[in-house]
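By written order: A, B, C and D. Residues from 1 in each chain.
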């Protein structure tokens, strides 16, 4: 999405190099990452103290399992949004991958290992179709992925029709929810963490990551510095598709059910989490730490409120308000700070 | 404060003690300015001196932190650009502010379109009016075409048409001529003079002193956001103005040193892109500065972009140090040792939201990586080295480059490409919008780099720059190379002669 | 690659089928005389909150729980999905519910969570939509699938005079109960007394009002000789009724199905619909709550033949695979519809 | 000191084009016309193909159904156009529609004697209020509309759920005079469609012919420039969201009249369909171009696709996939046309009029 200077957050500039440490501190508070991490810590603490059954190992396991799909898809989505694009077809890709896994299991006689590989490849192909439309034909990703959102969901009904495939081997479905021995942390969290680290490094500590930010802000300038914008975006969509393939496998095994409507509506939750994590919808701004914290915050709040018997309808309102607060607050804080600064300059305090 | 000469009629617009800071950066500190009716007033200063900030204060786009403005002796409070318009202040900003999706005529008359019954917009009348304005400026631009795709010069002309259409009492122009050629500048000045005769006040900003002295009656100098002086132009010399701006004497504007010529580093053979340029062949040797001259629109930038791989070309080839560079791939061109400083820094040169540091090292992101990892330290050191060398004035390296003044932004673009330590440097309008002090600095730098063995291809619309810097001048006309001139034989007349297509083919 | 991975001992469908079907474990004897315990914590988990049908049946459940002085609670996702039901089941089992009464969005997907809840001591009752039998103790079925199929086919046959083309407007293409009913309706239609009735197609309105509306419209255009429509879903039958009542087909093309009296009242009165059927959703919830209480109090174990009393509804017997049947559906027409408010 | 310009001699000559008074329609406008034409052609083809397969598709009843079916989406798409043109987006329209529809039902439930025009006004006002919440947050806090309206998509829907708490309002609860609004026809044309038509014409005309309408395009085209040219960006954006909310409110009231059966889920997921309609209708998602007419045609096209798939008896499992594929085809085609026009534009020199 083109960058919109209208909404550029006010920036503050420090002059003297001596104030670096102070600036660092202020930067920490100013950065949305820090705020969201702090909010997460507070939420966990408050929930542990006030909500019965929250601070239990079992709950942690449920919480993490529930968050897996969201967290996984949020990783590539962060990168895509940072380049100024968006992928709304993720949930439909999960659904299609899930039904395809079911159909292959039902009728192909292939081994499940091979099926899993095929499903991830299929996800990549679906992502490549998105990528082709966006980068090859130069269409806006929002429009393209609304189209493929419908297309892939439709195809997932074509694949399995009105059936659901549920007879996956028990050891596989159990593996999807098994905890690491001696703990209550699900095994599947390990690959998630690995992926998160990989994505984090790519985004924040490689040349490619720098290029992502650059093209999110100004793709022409990025082209001039030798970034192949189209190719990079294409591959991001492919990665997004492949991750959706993984999520499709996880979803199918965790719920032991391959159905056409799996993961319906997940796309908006993913976008919500990514935006909550401080990624700018116009591209070019955001960090992975914030997104991970955003995903966790969303999950912790939902889980705690559910345990506290808060109505699901109230939960919907909380999600919405949280998202609004996440964009309104930083701006409001920056505004107030700027106003204070100006006042201080106008009436210098006698020292 | 030196008193203004009381002889002239009462000032139209007065700024008194205007202060404006951005965070800790004081862009304006107690600036005074008096604009008199019928007077063209120049505002000069180094890059970052605060000229554009002053313009934005006048335009109502920035609210001053303190200080007062009066118009006709009445206190003037601007809550936004609309207020300034209503008060009769028309502004041309340093960067064109057009709406790419709207037609040229609508761009000019936005918010003031002529109306017919039911307060509907009268499109035909609007196009007619736009046509009339262009006629007055002596240019031909189709008022119905969208603004998207206009060249920078045409964009600037549309801005000018917009500003004069206000029939304003105060016309403020922030570097309106930076992208224009002689004829249009003359036309613009003619219009400005006629406005002055009608009793309007004109505030004019430029880094070209001949223009300043050509048009303006008075000159105000700013330095580091502070007011330095306001004098009648007749009492000043260029050297005096420069000394006040920079605070010291600036000498040796074009210090091109002769360098030993080495092997051919850049060779372009028969490059053709249908409809844009045809059969362009030339070579540049290490240690040599070759200027590519021509009229605006002759296709010089297009050749540069094609050589660098940003644009595709139909036939031909590009070789660096004897090895072919694949077409259409800037990444490979960079790897081969090429660098291109583009002409449009906002669109092509910089990522405005990113910090100075990130911008300065963007082209080096791979080279600075260790084991595929790119950590902040290497970038910071690199950025510090080059921003120091080019004297970039920024609050800190982490500041978004958008907060820098125009000239300092240009320096960041230079820093970014020099940091790649290229063997072949293509540089398109290297000093557009750069102040005198820095300009000589850039020239010294180019000369130095040539001395180190770089091959430099320089595109410039400023003849003195071309004549001062180039070992060889290639002249383009309508997409073809028409002439090659050695340093000794190049002068204004011969270049102009070739550029206008009157010379025989080289 | 196929051969290779199979040879390497990969998991294929053929070598994994042996471990399916854990069976229904009805351990321990039932004590039919045990009193219903006081203070039972009973949670209703519908397919989705905000679905009026479930609001009515959950309220029936609430009435029952109040009668036997238990603690009633209704939780659920705001949109129907199996995955969010799972997270609610997990929450409920952590909260130590005695009984979870749920209507499954997916017969398989919530099984794992239900089994965990069972292991944590909760009794599981499903109503309206079942899970796999091994995941719950009791399924309270509104009516047998055969009963519905018979009823619907009979209604439409009466209305169209026993001959002509008919179509079915179903909910989503993978709704388990709908598909079971449709299959049985086809069997029913194969009987000789219905030999002149021809089922031309099944359309899916996705339980979405507008889609069902469009599908009805499509049916009438595609099949000019259509005589009747069966829509065994409350959303579908209401949308179809609305379409017919505002079209030239009103009264000419017959419509029946499963609908709530409140939704259908208008179309019955204006002559669009002669008769339709439904069970009482409130009674369904009421019965499910009693079944849960009976389980939790040890009156029954869910084994075939167990008997329990369900307040005002009287006594019920657990059938095969732990299924309890509410009873035959009520048929609503001009004469009786005003006696029902739900 | 600078070189002169290639176009200088002819420019200096100051030759004005031959007929400065009688302008052809501007290039920008013609571009719109091309888009709308292509939509009409697509629509015509679709109807033709469907009719060939089943001639009842063009029967009076069927056309009435089509017009009725698209009216609500058309109104929403037009409201969305106002927003998208300013480089914003309103994802909360589905939730606003649901909230207003339920509110309308509740109004009749608590005051059965309410005349329907009052309900209409109340509904539109409630929608405008929701829009004002969106617009206020966006304009005052200067934050991206997508994020805010994604937030209010949840928030408004949550309020709706909370309020309804599972209740349902039925046709029997609403007065006949109101329900008739949803089904009645004037000269064979459904009232609902006439309302939509009026909305399209009014908004389309406003966007094309009024200063403030053109300013919306300016804002979407280059927000920073819009501010510098003295356009009250904040106020315009606010107004646009209020208008979009009000139109969603209008759509909500009409929804109540048409469907009669109301629960809290009314209009769920409609937002993506609305955005799709606008985009298919040639409204550039990044603002600055597009027309209300195009968006309305996009909405008609999408609903017609839905109906004709049902009529063609496309395998139900395939229907959604086909809709998705057609959306892709529509935006692809639009892009192709835009490129054509751009190429022609490049063919003409900047200076030659």
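Heads up, the rule we're going with is that contacts are C-beta pairs under 8 Å (C-beta built on N, C-alpha and C of every residue); 3 or more make two chains touch, one makes a residue touch a chain.
Just so we're clear, the structure is a prediction, and the values are computed from it rather than from any experiment.
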(message) According to the touch definition, list the chains common to the neighbour sets of subunit A and subunit D.
(response) B, C
(message) Between subunit B and subunit D, how many steps is the shortest route if every step has to go to a touching chain?
(response) 1
(message) Can you tell me which chain lies farthest from subunit B, using the average of the Cα atoms as each chain's centre?
(response) C
(message) From the mean C-alpha coordinate of subunit B to that of subunit C, what's the distance rounded to whole Å?
(response) 73
(request) Averaging only over C-alpha atoms, locate the centres of subunit C and subunit D and give their separation in whole Å. (result) 39
(message) Using Cα averages as centroids, what's the distance between subunit A and subunit C in whole Å?
(response) 36
(message) Touching at least two other chains at once: which residues of subunit A meet that condition?
(response) 5, 157, 161-162, 265, 311-313, 315-316
(message) Can you pull out the residues of subunit C that are in contact with at least two other chains?
(response) 49-50, 78-79, 173
(request) Could you run through all the chain pairs that touch each other? (result) A-B, A-C, A-D, B-D, C-D
(request) Could you pull out which subunit A residues touch subunit B in their complex? (result) 3, 5, 8, 11-17, 23, 201, 205-207, 209-211, 213-214, 217-218, 220-228, 284-285, 341-342, 345-346
(message) Considering only the defined contacts, which subunit D positions touch subunit B in the complex?
(response) 1-8, 10-12, 14-17, 20-28, 209-211, 214-215, 217-218, 220-222, 224-232, 284, 287-289, 345-346, 348, 350-353
(request) Note which residues of subunit D are touching subunit C in the complex, please. (result) 54, 56-57, 59, 61-62, 65, 69, 157-158, 161, 164-168, 170-172, 183, 259-261, 263-266, 268, 306-307, 309-313, 316-317
(request) Note which residues of subunit B are touching subunit A in the complex, please. (result) 21-25, 65-66, 308, 310, 329-335, 340, 342, 347-354, 358, 362-363, 365-366, 368-369, 372-375, 395-396, 399-400, 402-403, 416
(request) Enumerate the contact residues on subunit A facing subunit C in the complex. (result) 52-53, 56, 58-59, 62, 66, 105-106, 109-114, 157, 160-164, 166-170, 172-173, 177, 251, 254-257, 259-265, 303, 306-307, 309, 311-313, 315-316
